[in-house]
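Just below sit the structures, each encoded as structure tokens.
What follows is chain A paired twice: with chain B in the first complex and chain C in the second.
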Partner chain A sequence: MATTDAATAAPKKRSLLRADAAQKLLAFSALILIFIFFSLASPFFRTPDNISSILVATAVNGVLALGVTFVIITAGIDLSVGTVMTLSAVMTGVAVTNQGLPVPVGIVVGLLTGTTAGLLSGLMIARMKIPPFIATLGMMMIARGLSLVISGVKPIYFNDTPGFRDIMMGSVVGAVIPGFSVPNAVFILFGASLVAAFILGKTVLGRYAVAIGSNEEATRLSGVNVANWKTAIYALGGAFSGLAGVMIASRLNSAQPALGIGYELEAIAAVVIGGTSLSGGEGTILGTLIGALIISTLTNGLRILSVPQEWQMVITGVIVVLAVYLDIIRRRGR
Partner chain B sequence: MKTHKVLFVLMAMLVVFALAAGCAAPAATTTDTSSATTAPATGSDAAAKPYIPVISKGFQHQFWQAVKAGSEQAAADLNVDITFEGPETEAMVDKQYEMLQAAIAKNPAAICFAAVDSKAMVPLLEEAKTKGIPIIGFDSGVDSDIPLATAATDNIAAAALAADKMAELIGDSGKVAVLVHDQTSRTGIDRRDGFLNRMAEAHPNVEIVNVDYGAGDQLKSTDLAKAVIQANPDLKGYFGANEGSIIGVLNAVKELGKEGQIVVIGYDSGQQQIDAINSGAEAGAITQNPVGIGYKCVEAAVKAINGETLDKVIDTGFFWYDKTNIDSDQIKPLLYQ
Partner chain C sequence: MGDVLVNMQGIDKSFPGVHALIEARFDLRAGEVHALVGENGAGKSTLMKILSGIYHKDAGHILLQDKEVEIPSPRAAQDLGISMIHQEINLMNHLTLAQNVFIGREPRRAIRFLLDDDKINDQTRALFNSMRLNLDPRTKAADLTVAKQQMVEIAKALSFDSQVLIMDEPTAALTEAEIEELFRIIRELRDNGVGIVYISHRLEELKQISDRITVMRDGQTIDTVDAQTTGIDQIISMMVGRTIFEAAPEVPETPNEEIALEVRNLNRGDVIRDVNFFLKKGEILGFAGLMGAGRTEVARAVFGADPVDSGEFRVHGEVVHIKSPKDAVAHGIGYLSEDRKRYGLALGMDVEENIALAGFSKFVGRLGTVNRSATRETANHYVDALQIKTPNIEQRVRNLSGGNQQKVVIGKWLTADTEILIFDEPTRGIDVGAKSEIYHLLNDLAQQGKSIIMISSELPEILRMSHRIIVMCEGRITGELSSADATQEEIMRLATQRRGLVSANGEPASGQSTEQNGKA
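Let's turn to the complex of A and B:
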């Protein structure tokens, strides 16, 4: 008996590995195909400057999507990331411009604002048992309202802090290697992705996120304090929104209090295209990064080709549906 | 249990803070809805000031804040009560419908109204008409016979002026791109068509390469404009049809290091745009008179209450401004930060 078990288990495990690899490969090859298509269609698409533009355009949505990935892996959802990002940007503006605090303090204030909002969402979900959709919907509105109230419905500018814009648009690498002036935004995106991949793959927090998403009850019964870990995961997601808030404030050299609506859906789309399952239990950071890149590459390429924007929405929508459908087929085949 | 308590305290604090802030905002205006709800439609009762709800298309943008300031000024000058409200985005037709419905239910002396979608509002406007409540349109106004007057910028003529200035600055030939806030609102359509039609009529050598829509979102507008500039290395000019759009164009030009190589023309004002014009990154912009729009619509409403006849169209004017006249007495009061 034992031998047959082992015999059946071995190929199953191998096909599972192959299937995961196939999913990652699928998203990656989709990105490559889109890239090749646009490169052939327009010589302006493949210029180094434009590729840098695409990467910079991915930065804010990509970082938001990193945070959402953790939440979706637990089979939860976070609708508040866009407006929490805006609230964090506003708080950074209050700290740096209104209070005249140093930029690093402003960055910490932004990160803490995001983390606090995420923590509150997490407590509502884990302790008060409010469904994630509702709790984060509430947080989305609360953050939006507070952004407007705190800013007095006015943008906060960073004109008195000339270095602030350089957080995103300066180039530390360009200063070291002349002629390779890739904006910091790109490295912040990749750096944040590495941190996220480390947390998901190598820490207890990441392991428990996957476990909670696979089977919350079983995880609880095996002695894990699910409520605490869930709260921590939402707080982590909030921290990424806070980082995105600092990033968007730097890029626009201002905290724009009316921004943020719709950003949560774009982030969720990136996560889903990247192969993270909305039913929880699995997902990768690399997939999310590729998903975010697919969205911004499409946006940029279709603009370069002057395709009417209405169609761009249709195309992105079709890709989201296709990505999820392929995921379902893959599961059924397992 | 302990975390529960902490959480409840935190939530309670949030709610209290939000409520306090929410109450503080209307209190700062000249509103007094409680006494105004019973104001007679004729407004002749001296005991209660006539109540005029002003329902705009938004409140978050600096432009609407300037309109609000103008209407509050008129309310103070003309001794009436107003409330100023608007939906969060210009796509929220249903929300504005509810606001108008609630305003009519209070039986006010008159209503100032800028429709996000005129056709959707017709039933309510008919209701107001039967109840004898005068309607005054402002900004995009109302596409119907019901409003007694509309205080607005002639956006088509204003955008045509932008087109003329653009043609002049690029030597009447070359590629120009256009970034608009949306393809459905009256102002979006009028500014786009006013610009494009004027170019087609008077400046046939100017080629329009792209018309894009950035929803007035500064970040999206930046990335859109970047792609367009990358795709057209010989682009000579860029027109942004509202504040959010033009900030996107300015960011894109800056990020690509093309300052001074592309003639940038904008719309409205705001601190970033004013700075860009002073620094030379932006050639100039069209400004409306938002304070005037707010003032004139309330003024027209008061005239309507007093039974005076009104001109159907109250042109609140528009002006071209650039580095040379930005600090002039004529322009400076029209600009908001």
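Let's turn to the complex of A and C:
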């Protein structure tokens, strides 16, 4: 087989530099450029403390975006991730504070809440054939309403469990290596990314996500139970929202029931900037991670330059449109 | 021929508004190629979709090796050794070939959730080798030609150890050489005892490849006959329920000398290289060539659908700027895509709305309201004039047969007052009866003074219809033939005249090497 391998090495190398890789490269260069720009504009920007806070700020949106990546690869959409995150946070709060359950149980409750919400969205989409946009729009409002009802429209504080805030803001690494006190949040984000990349690249679920997004009917005709797998993919997306819920509750040391709206759009923006195609079939976890970093670096840098928050939104919007437009130009060139 | 593998009896199937199958029957033996023919809408695909688990029968029995079976899903059909290769290529473009072949039944690692891509690459490579296909399993499906994708679909079907292989129009998108390759594989499978159902509109192929032929019409099985002893005429008459004569060439009268469209110095990257041609008023100009020769690209460039590097267009002698389809329509140019469903029609809309669509501004009143009585009148006019078979003009286009959909597209462009019509594969996927109607229609249009460019991969069609024939290969025009001089052999020679073999004066370096390259 030596000859075959030699003959096939060339096209493989070429395809690595093409398509998804090109967009990743583009997004990565954009991230570097943004970073250099802000570093020159403000000396404070590149201090370790600030970089650490950028990474912490990326964590929640990044984890949400990981879940959304799977959904968008199937050519679907999930608008409910923000409010499902909040609902998960509230449920964790109820478990830990109101019921006095141990923190690990609270974490599991949060994860299960998110997974259940995703599962329900998936069932609506795959079984009841409701378009993803509508199904998850419904779930978005349901989750928001439930968060308010369950919490009594009041924030739930984790004051009785001092360890809870350390989930995100403590530093396990800092305890081992003094002086390198990177908050746990950063490691949770990278850990979740590794898990997501593994699921997408190495497991049946990831393979079917790509297949469904590429050609759903062909996948069905190949004997794949598309409805079940789609449901599973939305449930997985929900699980990431659940994780994000625990993370944001820990970071704020409270479950804020009014929070959540707008997070879904920022997550989708991160996914899209990272080169995942809204028409399905292609996308990478690394791209999403870079996309999330671009958004939080921008937000952080603009804030340091004292650009008003309203304008930060405008700039982020322009970046999203530009990213997608560049992708379109690139595809046309092919 | 071996034992009876499949026996379908009394199969009935209704869709809303259509009784698609009426007590249809079909049997398949091991080690035979059994052709299934019939006009569009005769029920061939429906019958086979029932056999492959995509549709569920309302009544009837399916016996597989004398045992009655129920086939509730494509997966169940696969488990019974029945695979179907669909008319449209059904690969996942973003996955590799190996991933496509093993989709739905990936070998797993020790932990059941994990994929083993090394294993599927090895198994797919072995499978390709056994079919003598020179493909890398790790290539993405999107990077293959249509013909190669088709081969991959066959490989995929074979990997199920299928005893029954159903092929729906497998040669629709293939060149002659590729068809030979396909036939070689089909014959090998047959000799290994696989039963093959072969659905095709290309009747001339049937004698070459099939052992028996079953004819269907209006949802019923008409008869099963021996392929070698039955004439094409006889099969056609069974298909249409009346005898029609073998089609004689029908080149209409010579057009007048007025030039309707002239294209000069058209270039677009590697796909279109220095293309020059003209189209006379009332002429049918055939564009022949293999798949990917650049014919569709030229048509799309003329229609303003793709940006070009250079090119000058003259309509009736005047230089015009065509930057978008809107410009093209404004200058009286219409393009009828080969992919009607995707580019030609709004499938969910009705006949009336589709016909009115391209010339919509004509029907819009001063206040922006649509003049319904005018659109209705126009639609009814074309339904009559083009003999579109539809219960009424409120019928959704999705529910019409391929031939009638094509007529709706033609009606749409006639409504828009287009003088120059570009037909891209006008009869693809259309049955014999409707084909000859489309041919008549094209002739009538030309005689009425419309100028027509017809792109077609079916050589008999090109030869029969065109006043002049332009042959393309790899983005260049390699020759022009008058209808009197054109033969299938000459067209194929020009269509395979690849660049590397053309010397400075434009002639092939030597006939021998052309032939060798044509085979490669």
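Quick note on the criterion: the second predicted complex is superposed on the first by the 317 of 334 C-alpha atoms of A that agree within 3 Å, B and C clash if a C-alpha of one lies under 4 Å from a C-alpha of the other, contacts with A are read in each partner's own complex, and residues count from 1 in each chain.
Please note the rule applied: contacts are C-beta pairs under 8 Å (C-beta built on N, C-alpha and C of every residue); 3 or more make two chains touch, one makes a residue touch a chain.
Just so it is clear, the structure is predicted and the values come from calculations on it, not from any experiment.
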First (chain B), second (chain C), both or neither touched by A:Leu221: second
First, second, both or neither for A:Gly281, with chain B first and chain C second: second
Touching partner for A:Leu123 - first (chain B), second (chain C), both, neither: first
Which superposed partner A:Ile294 touches (first chain B, second chain C, both, neither): neither
A:Asp49 touches, of chain B and chain C: first, second, both or neither? first
Which superposed partner A:Thr203 touches (first chain B, second chain C, both, neither): second
Chain B versus chain C as contact partner of A:Arg251, first or second or both or neither: first
Which superposed partner A:Ala211 touches (first chain B, second chain C, both, neither): second
Chain A-facing residues of chain B, complex: 3-4, 7, 10-11, 14, 17-18, 21-22, 25, 59-62, 65, 88-89, 209-210, 212-213, 217-219, 222-224, 226-228, 230-233, 247, 251, 255-256, 270-272, 275, 337
Contact footprint of chain A on chain C as seen in their complex: 54, 73-75, 78, 84, 86, 90-95, 99, 103-106, 108, 113-115, 125, 136, 138-140, 143, 156
Of all residues in chain A, those that touch chain B in their complex: 42, 44-45, 47, 49-50, 53, 56-57, 60, 120, 123-124, 127-128, 142, 145-146, 148-149, 153-155, 157, 159, 169, 183, 248, 251-254, 256-259, 261, 296, 299-300, 303-306, 309
Complex contact set, residues of chain A against chain C: 1, 4, 7-8, 11-12, 15, 202-205, 207, 210-211, 213-215, 217-225, 281-282
